[in-house]
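What follows is a pair of complexes built around chain A, which joins chain B in one and chain C in the other.
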Partner chain A sequence: MPSTGFLLKVEEGLAVFPGDPVAKVLEAQEGSAPSLVRLGPGVRRDGDAILTMKPGLVRVQAERSKIWVESAGRRYVPALEDMVIGVVVDRHGEGYRVDIGSYEAAQLGSLSFEGATKRNRPYLNPGALVYARVVSCDKVMEPEISCIQPGSSKSWVSGESLFGELTGGGQLIKVSLASARGLLKPSCAVLNALGEALPKGFECVIGTNGRVWVRASTPADTVIVVTAIRMAEVGTLGPDANKTIRSLVNSKSI
Partner chain B sequence: MQVSTAEKQFVNEAVKSSTRVDGRRLDEIRETTFHPLQTSGSVEVCIGMTRALACVEVEHTLPHPDRPSEGMVNFQVEYSPSANQDRAFEFLMGSASDQDPLLTREVERAIRDSRALDTEALCILASKLVWSLKVVITILDHCGNVSDVAQIAAIAALKHARRPDFTVSGKEVTIHPVTHREPIPLPINFMPIMTTFALFDSGAVVLIDPSAQEEAAMEGKVSVVMNEHKEICGIRKPGGVCIELELLVQMVKMAGARTLKLAKELTRSLSGPSEMLQKSFPICPDPTLIVNSPSAQQAEHVVQDNGTEMKSPGNTREVSPPAPTETLAASYNRSNAPHPLPNADTFQRNDAEMVHEDQSETAKAGKGLKTSQDSKNLESSDSDDNEIDEDLMAAVISRPRGGGGSGRRKPK
Partner chain C sequence: MKLDYLVFAWAATVLVEKANPRAQRSHSDASFTNLSDVDLTSMKDSVDLGDGADGLREYEQKRAAGRRDGREASELRALKVEQDFLEQCDGSSRLACGGTVVMAAVYGPIECPLKAQLSDRAIVRVDVKGASSTVSRSSKWLEKYFRESFEPVIATGMFPRSAIVIALQVMQDDGSVLATGINAGMMALVDAVVPLRSIVCASSVAMNSNHTLVLDPTQAEQGEAVVHATFAFESGGGLVSCKTWGFFEDERSFSNAASIAEQAAGKVQAFLQIASNRKVNESHSI
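Moving on, here comes the complex of A and B:
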């Protein structure tokens, strides 16, 4: 089982306190195949041990050999490879300053878009929403984000690229970091139920910094999606998400 | 504020189709709750997810030289650093401070400038000693409409606050620690309550109680301050789009209905715990009082007329000049003997009543009586107003309007 490497040693969903060792880097590399270990938010490397930095539940993503700690906080600490939604605060010569909810605004280079050149690049105004990934984060430097997706060659001009400006209206809400990650799971009950209940469908972008962008066919539908996500976050959706959401849709669409 | 243009655009779009971002109706107010704390004068108020905590500090000080017979009331609105992520961001960038002078002024206007508080009744000894109230309002969570929350928290805290009892004999003022005599409510004439409306679509759409996103997108706002007798205490419209008179009248009606409801709720939620508080949780008195009264038979805070000096009771009292001020002249038919007070349960309300009768020239009865009257008035008026209240709401709702949403109106 080389692909699961160090993750065999880690118990998914284990409750930890700051400073608890969760895995060993050397053991991780033993299996030889994943020589790369991705550290998500809430964990750090100390020698050959991987220690937790905050209380919460350990999560692992076996196929990417990624490990992180999840808690119900709302304060976002940037971690490498996180996909985040930010608001452009300011623009300067070489790019933009984007608020991603971290301690400091992130930098987004004006050429960090797929296919962007000096002559042909997107122009973002302050207040614009951007979906991007964190490419560099350091405890002393500003985090850096980029709208380039590795392995994809879809240009920003075509509008097909995964990252980039979120246009066409839509509503932005802020949820806790854990529930944002919960929404990202394919088994997420709310989004699945919403997909079934709303015939016209909706579009949803989830940033791991706790921001969720929603756009449906009408503002009323968007409000339904937002309400359902909020209800799921505080746990008022009940055991039967499908039923609750259906009644929500019916009550609002009258 | 880091509110994206997409959010603003969405709010505007939604409002035009009579939808609000949190699923409320246009004229729907978020749930308002009051949480009085154990300390008197501390009340936490929540409107939806917006929270504010107001605390009243009661002290005695020299009056302002221009207003020798008026007590002092000061307000201060602060933001907790964790109140709002966006504000915290600005705070880190150094462009925001924890205080909000504009909001402070808004609260001040609503409460002090509307004369809701009888400042003359806060006088102890004219030009010598008055009560000084400092109301500190901390915004704990900013999810929109902080001005309403701050103002309502301030008035709730003032309603909840108690000041120590005092007696004036000759030129001496004795302030009794709250452990010895039951503290007395503050002289509040009426309860002003602010209701904020947000204007959208050039004034064609009006929302009550805007949320943070709606506040970021609105084109103007109107704050109506009314009291429980449905009197207007103030209307504030800081810039923004123009509105018509009839719209304002409609807003006043809606504000009136909400004020009645909140005033009733406030009196109800403050009445229970404060009783308990007086009996079993005596507020920590001024530490100097404890120091000065080790014998505890008559803890006294003696203030000499000529110099507002504090003396412990054992000290020899200076001979004071024989000319007390007019306001005090009447309160001296009482004996000068200090009252031995074995416990806090035996207290003499009459003393306080007398002093206040003399000092505030309003011929109202003393504090204890006054509050009970007030609450009676409120209750009786409430029972009458219930019907009117509903009528008003009905009138507001049944008003012919374009577009369909309640509160929506076609611009001419």
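Moving on, here comes the complex of A and C:
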């Protein structure tokens, strides 16, 4: 079976149903450079046909010959390099068991923090929130997360490191996986509008596992941010997000 | 989440000739004795009555099947489906096939108790609740039947040591509840974005006392049928499961029933596909 070749008959943005054939892989012709065909989430190979496994929209990245199905779901399945928000469930000798929303709790080593040593490492209580990176998600064992960012020299002590415990209050909400992906885009309308509308700004951490942590300078601002995110998720923000959010900010009832 | 509501009424393909060539005309319906004395086929050849003759012929064919609701022998009831209306679960669906309504909810992959875990794949668990709340032996058997229909197409190898739970609730039973349950459960699995190799769709066929094979029997038709069976087919072709009540007289009638059911299952799958694609296209993103 050829593993290099070309993707044929791929319609970007087509809505698909599980079991639909979306593409065929052809052997590379003589004289042309074969490319590796990469199958992302939601597709599988059956001979030289590529079939879908999930309902959603077909996406293609032609320059990398990558094909996948973008689907909307609620149940998180860990993937490598995902940045997730976890809730510490238990502490044991080697580290912590953290709930990241998958069917098995993830392992977080007690030394997996930026600049942590045996004498100098964070102590997390059950119920603490951590922002971490998925470093291992082989299906044969539990997923592993880590709060170390490769190439960073900031220490966990100062609180400047990207990953680590989320402290200082704030509210954790659950959103759909597709909403979390949308919020992570730099062009996200609702977060940009909130940044403009709130004078003191706010901080939010978005986990790819469908969890968002919001902390603003006042509880009222936190409620505004959370309400705006929920409205964006169900689509009631309307065509002019700025206007709706300004009316939320100015509303005296919050 | 937004409700997706789709109504479809399927016209029949005339498979009644394939099933039983003798069932073209029958005089079994006593309340219409006036028309049964008229010989329509000779009239058609001699005089062109326009639409009237076609309507009469169609009426005769429907009478030939003798169905109470006036459907043809291979006509499905109207299908309606609704998705993603339950908040707590990963996927939900409610499928109505005429008067039979089944609701399905899917959770998965979720944590599985240690005793029940499988080391290499997910377990599939089906909970069935009938219209009455008692747990009976037949409901346990139903759970096994549904599980064996769903499990082959779920990519369980992707989630070892987990569980995928499908909860089916029969809201109304007017015949063909097994087939509707499979279709509803499959729609909920699609809604939950559980990875599936292909889709399983089912339909029922009954043989009534006239030896006519009728598709999608109602409760009354099931009760008076000589034999009725539910067939579940995979989208790539191939029978996944089959349950029969009664005995088919010979292999030919069984295979006729299976082929009628296979065509109907293909229609149901096309319907579910349209509903799912519509929801995907209309879905709102941040």
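One rule holds in what follows: the second predicted complex is superposed on the first by the 184 of 254 C-alpha atoms of A that agree within 3 Å, B and C clash if a C-alpha of one lies under 4 Å from a C-alpha of the other, contacts with A are read in each partner's own complex, and residues count from 1 in each chain.
Just so we're on the same page, a residue touches a chain if its C-beta (ideal position, glycine included) is under 8 Å from a C-beta of that chain, and two chains touch if they have at least 3 such contacts.
Just so it is clear, the model here is predicted, and its values are computed rather than measured.
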If we overlay the two complexes on their shared chain A, which of chain B and chain C does A:G42 touch? Say first, second, both or neither.
second
Taking the superposition as given, does A:Y103 touch the first partner, chain B, the second, chain C, both, or neither?
both
With the two structures laid over each other on chain A, which partner does A:N125 touch: chain B (first), chain C (second), both, or neither?
first
Examine A:E144 and indicate which partner it touches, taking first as chain B and second as chain C; both and neither are also allowed.
neither
Could you tell me if A:G235 is touching chain B, chain C, both of them or neither one (first, second, both, neither)?
second
Check whether A:A72 is in contact with chain B, with chain C, with both or with neither, and answer first, second, both or neither.
second
Mind working out whether A:M53 is in touch with chain B, chain C, both or neither, as first, second, both or neither?
second
Overlap the chain B and chain C contact sets on chain A and report the shared residues.
74, 103-104
Partner chain B, residues of chain A touching it in the complex
74, 87, 89, 99, 101, 103-105, 125, 127-129, 166-167, 169-172, 174, 213, 218-220, 222-224, 226-227, 252
In their shared complex, chain A is touched by residues of chain C numbered 1, 90, 107-112, 155, 158-163, 190-193, 195-199, 235-236, 272-273, 276-277, 279-281, 283-286
Chain A to chain C touching residues, read off their complex:
15-19, 42, 44, 51, 53-57, 71-75, 77, 103-104, 139-140, 178-179, 182-183, 188-190, 232-235
Residue ranges of chain B in contact with chain A within the complex
2-10, 13-14, 17, 19-23, 85, 89, 92
